[in-house]
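Listed below are the structures to be examined.
One chain, chain A, appears in both complexes that follow, with chain B as partner in the first and chain C in the second.
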Partner chain A sequence: MEKIVQLSSTNLDQLEQREPSTERMKRLKDRCRWKSIMGGEYIDPDTKAGMERMQILTKAYKENEGQPEVIKRAKFLELSGREHTCIIQDEEILVGYHAENPDWVCLYPEMGYNATIDMIESDLMDEEYKDEAREIAEWWKPRNLQGKCEPYFKKEELEVGYTYTTMEPFPFALVYMSMNVPYKTLFEDGLENRIQICQEKIDNAFAEHLHTDVNRPYDGVKVGEQLHKIDNWRAFIIAAKGIIIWSRRYARLARIIADHFDVPDWRREELKKMADVCENCMAKPARGFWDAMQAKYFAWMLGHSYERYASGYAHLEDNILWPYYNKSVYYKDPEQPLTKEQCLELLEEERLKVSERGIAKGRTYRQAMPGANDLHIITIGGVDEEDRDMCNELTDLILEATLNMCTPEPSFGFRWHPNCNLKTKRLVFECIRRGFGFPAIFNHNIKKWQLEYYFNVPREEAARWALQLCMSPGRSGRYGTQKTRTQGGGHHYVTTKCLEIALSDGFDHSYTRKQIGPKTGDPAKFKSIEEIWDAYVTQCRYACRLHTRARDITRYMEARYLQSPFVSILDDACVEKGLDGMEDMDYPNPWCNIMHNSDIPDSFAAMEKLIFEEKKYSMEDLVKALRANWSGYEEMRRDFLAAPKWGNDDEYVDKWMRRFFETNYQLTHEELTFIDGGKPLPLPQTVSLYASMAPFIGALPYGRRHGEVLGDGGISPYVGMDKKGPTAVLKSVSKVDHRKTKGVQLNQRLSHQIMRSEKGFQMWLSYMEAWWNLNIDHVQFNVFNVEDLKAAQKEPEKYEDLIVRIAGYSARFISLPKIAQDAVIARTEQELGA
Partner chain B sequence: MTVCGDCAFFMVEPADPMYGVCSVEAKEVKGEEAASGQDLFTIKGSRVGRRDDTCDKFKSKKELSREERLRRSY
Partner chain C sequence: MVTCAECKSYFPIPESADDYKKGKGDCVREEKDQKGKYWLSKSVMGDMSADNCSYFSKKLTI
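Presenting the complex of A and B:
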């Protein structure tokens, strides 16, 4: 241990000045086409909305009218494989893009009308395309998820569901999904083998059930069961063949450039190798690390950005790639030999390819992720089912690539366990110390236990959990992975808005000026804190249930109209059962996000103390003060601000956080059963909605005014209100039962000076030991110098590489709107060892 | 004729593009005034219709360069 720490310490300066490992990677980083978003809009004016996906999709559907829906989806992919533009940019080694121009994004008219027309009518789409785009959007209007789901809601329910107040907007209009591609199957089998398995399934179905053998009985029930399966298997085959064609068109393009373009000899040779990789990587099992990396990139691009839109980059990267890294670097006669340095370059380029991914998701989540273009979170580290360290040389190389490239995406979740080796932990620390904000640290044991206990995941698989998005674990192997957000995370309810309207009988005075929740009584007449609590819980329950219905109806329609035959063919369970991933209901892994959490205990503690214990103010006073946005009630506001606040190891307020968590568990896990039978767990986290929802939430009882930032995510204290040091924060946080959640986000800002000192690593390790011993689920760190951030606000162009942690993701600081920048700066800096 | 949706203070609402958030009341708040005790930018939003009539606060939108976009407050 000493030796490793000593070695790393002597190289601190070197780590500080890291840069891309090759000149080529430096050039590619300089050319990177960042697709960051600020305030819901793309920062780079060159980012535009493309037409090609919409055109191919619509053409495929019109040409195949009358075919089963799943076949139409597959035909769309087949046509895309033949017709979609292939792009190889100068010098890149990993290839592929999902729009016709690497600066552009593609649209998803089959997913939601509102989000599509929003894009079309914005500056994002050039005037010359708008008429055709509008025509396509209107054609899809009755055929898309939104058109299919809306008839199951009353007008007033839709009004609430399309207003971002007490709940996330309904998923069928939102265009925000997430999933987890079973990459392992692709590496191990290749699509040709998967096609063969599906064909055998079809042949068996005919031989066993759809036969005319007069010597065997006829069973119509079995025949009926087989028809839908045959459609699915056929769709899987059509889609997979189309994807192989697409990949091989990339191979052809690489050969054309090599043979006919004026490129240096080294690049010509490289292009020929790239052609060989593209020829093989989707069709056949991976021969080595390059095949696996290219296959992974293609599959991610297709699954997340093209077949349909889905956020995330869920996989246990160091685990699933290790066999191929090992083959390429260490086997005696490898089929695809590579040096460690070449593998590093591929990992570095992956970071740029992810940063270049542009996504036309709905505005809710464009606003929710300022500074990023989507959530791209990879999982690494941890231990296996026998608690043996799973960190390997590739884990370290992934972290080295991260340090070299200094890009905010993709982010990492590190599966922390005492048995993980110290060298890897040192690299994790270096990334944090540099200010990346990642890896975020997750308690491996809690995550593993949760999957086994709540979701019946076998122990060996549970030990290989990967983050689905920011915080939640899920399967990551060959089957049963999450295929859509309505199988996993599905929605959130906004506790702060629920409290705000509980204090106004369900009426929203501050934003919409409408009744948006049930009538829960005149708050001025509430006689006890329990009456307020009951009104608040009723508002939460209404929001939670209305959105859950929207979520389940969305899933029902996804299974019928928005199948994913490409991703499904990679799932062993889907192929075995002849079911599309959207309709396979056997692997629920659900959660509900809970927003702006410290606001609730802080509010209740202040009301309990000042109104019901000290009786300094009445409920009538409070209602008037909140309606006035505290204006004219300055002294009263100071009293409410001075009441006990979460994060200071103060039982007066901590008991309210415990109650808040228990109630969330009751409202979700105990009271809800989703369409797939899943019982969701609460997941308190806020993405960056503590800033972007600020305009929608009125004044709150702990002293916040309308428009100020909200509670800083998960279980984190409100910015600036944790005043008693990091141990007090951890003690408060440990009072909540983390096993009753899917994850609990904890943001901490650590002292810039200490983290960068010689003793920083040891002090951080001590902090992590305390964190682990308190059974806390998660923690992530900001380490920055306030002066740097303030300077970056004045001269953003000089601080392109300055990265900060926002929520479950990190972003370049300059890409954040000011409200989010200020909130990051305002986080309390904790002194380690205090 | 201009409408509310043409205004620089109009931010398209997250779920329904026919509505927007009026951000005319966005401002810097000094630490002593903020709940956090730190200087903060705040946006007190109100819901408006894209095709609503304009008000006396109307300010014309303009196309922004990348540099201007990076300096936007929200």
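Presenting the complex of A and C:
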């Protein structure tokens, strides 16, 4: 690798300016092919929709007509391995991309028709490809996930499920998924060993059951059980062989560039080493850190961007990579010797490769994540099952790479425990005080307990939990990791829309102008706050049930038509049982997001006080005011705005938040059973939907007008409504039971002057101690100077590295639409020590 | 007719490779845009016609 020009200082107190550790990394960052999105569209005009994945997928399916579905999926990967374009960019060390051009994205016609055709008909696809693309999309229409699921819904249900009102759009149309690739298996075994295990399983099935041994009884039941498993094992083998070919084509490309193109001598030597890594890293166990990083990158690219689309980058990075880092840097006579600085460079480059990942997910989620290309959250830190610190030198190096590169992706979740060492916590603090908004901090004990108590995860595995996306813990090893979003998380109901239509007998006046929920009564005639609550809960229940059915039917069809043989071969449970990851129902880890949270207790507190206690207004007055968007009712609106608000340690409104949390638990965990037997937990969080959904939600009883931002986070106070300091916020937050959730998103903005002062670290540690002692699930921080943000709005070109926390992710501030920028600026700044 | 095998971007796949097929090769070309250089590799059959390929450049043979 290129000689290191500058090694980052380890004297953290004096560290202010950070930059990439090598000149090469600086160059790669300068030319990074960002794939950020704003307003649902890619910011870089060079980003286009490619054809190659769709073409290969369709060709493989047509050539294998009549084969079991899982075999077709595997044949697609095999053909891709042989034919898909390989790309190596100049000076990069980690290689791999999932489209035929490093600026392009690929489409997933086998997932959702609506999302695919939306891309094809947009400017994202060049005219010369559109006819063929349309033909492919039409061919897939009856065959894709959406086509398979739609027949199980009434027309009016599809109308509700395809618009974003009381619930997230149905998953089979949304094209937004997640998963957790078992990287550990890949590092420890290599695909050749996995192939051998599967082959032995097939051979054994034939020997034991599909035999013609006249000396043994014939059992047709056992024969029947084996057929599907044999298909799966065969598919795993076909897919894995295809992936090995793909990685070795990268090796060949690196050698061809080295031998036949004009490159500097140092790069020629490096390309030969890269060829050696690509030749081995997927096929064989990792020899050291470089193999492991390249294998991880390939597996992530393939699992999340090629085999299908899935958001995320779930893994416990410092834990699973540590053995290979240790081997490369500290072993005597290692197979793959590397210096610490070389490992740092690889970690730095990983951040750029993630930032270059372009994904054609459905428009809804492109709009829901402004400023990001997708959610990429890695987990680090924590303690083991004996509460011993799991932070290691690699944890610190990962954080150093983050500080050096200053990119919003990948983001991190830090598993906080008092036993984690101070040096690592200081590096976490450094990232936060620089305004990255991450690492987000998670209560290790609450997360671990949750997995053991609710999901029967063994103690040692539970201690090694990793975030599946941005908030929810799950398994992270070799066994039973989440393979799809319908197995674990996501899907949500939108509480604010449910309340809005509860106050209009189920009719949506502000957006669709349709009946989108059940009739729950004329709100002008409600005589008590309990009647309003009952109507609200009924709307939530309807939305939750309908969406859950959509989710379960999606899972059912994924298991039959959208298998993932490559990711499945890496999971010991899948290989043992002969089941694809989509159909293995033994490891549910479900949750249900609750969108918009502080809005509900704030609304009910205001209605209780002003209508039913002080009787200053009637329900009829309120209904008229909301329908008029408060226009002509300004004094009334001021009264509702002035009513007690969440986040001020005020029991009057805090009791409504407790009730809200209890009801969410009831509606999800107590009333639902998913198709795999899992009972979901509620997860209050809002992502960036506090801003992007604002146009779809009408006026609300806490004084909000139609179109204004909604409540942030999962339990954060509404912007500007927390008046009594950070301790009051924590006290309010601690009054709900976090153990009855999958996670609770708390956003806090801390004073940049204090955080960046000499006493900042100590004060922040005191805050974190209070947070831990109050048994709170999560917290993430924004630390910024408002003047910088306002200046960035005027001169964005001078603030390219300015990062802010949005929700479960961070983004470059200049990539956000103005409404999101203004919402970030408006977050209340808390003074530590208040 | 000119074929891919006659192009200097054509590199036959070695017999030892997992994806070896007689007559098959990698078409490797260098591209450059405002963000930098990169190399692409696509699988081609050597006997494919290259008459309409804008990247064709005849291999020099001694």
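Convention: the second predicted complex is superposed on the first by the 819 of 834 C-alpha atoms of A that agree within 3 Å, B and C clash if a C-alpha of one lies under 4 Å from a C-alpha of the other, contacts with A are read in each partner's own complex, and residues count from 1 in each chain.
As a working rule, a contact is a pair of C-beta atoms (placed from the backbone, for glycine too) under 8 Å apart; a residue touches a chain by one contact, two chains touch by 3 or more.
All figures in this text were calculated on a predicted structure; none of them were measured in a lab.
Student: So in the superposed three-chain picture, is A:Gln89 touching just chain B, just chain C, both, or none of them (first/second/both/neither)?
Tutor: second
Student: Regarding the shared-chain residue A:Arg33, is it in contact with chain B (first), chain C (second), both, or neither?
Tutor: After superposing on A, A:Arg33 lies in contact with chain C but is clear of chain B.
Student: Per the contact definition in the header, classify A:Tyr702: touching chain B only (first), chain C only (second), both, or neither.
Tutor: first
Student: Look at A:Gly506 in the shared chain and tell me whether it touches chain B only, chain C only, both, or neither; answer first, second, both or neither.
Tutor: After superposing on A, A:Gly506 lies clear of both chain B and chain C.
Student: Now for A:Pro684: first (chain B), second (chain C), both, or neither, which partner does it touch?
Tutor: Touch partners of A:Pro684: none, neither chain B nor chain C.
Student: Counting residues of chain A in contact, which comes out ahead: chain B or chain C?
Tutor: B
Student: With both complexes superposed on chain A, which partner does A:Pro588 reach: first (chain B), second (chain C), both or neither?
Tutor: In the superposed model, A:Pro588 contacts neither chain B nor chain C.
Student: Along chain A, where are the residues that touch chain B in the complex?
Tutor: Within the complex, chain A touches chain B at residues 38-41, 43-45, 114, 117-118, 121-123, 161-164, 169-170, 173-174, 362-364, 367, 510-513, 629, 641, 694-696, 702-709, 718-721, 796-797, 814-815, 817-819, 821-823, 825-826.
Student: Within the complex, which stretch of chain B touches chain A?
Tutor: Those in contact with chain A are residues 11-17, 19, 21, 23, 25-26, 29, 34-47, 63-67, 69-74.
Student: Flag every residue of chain A that touches chain C in the complex, lowest number first.
Tutor: 31-33, 46, 81-83, 85-91, 100, 102-103, 241, 244-245, 248-249, 252-253, 256-257, 260-261
Student: Okay, in this complex, where on chain C does chain A touch?
Tutor: Where chain C meets chain A, its residues are 11, 13-14, 17-19, 26, 28, 30, 33, 35-43.
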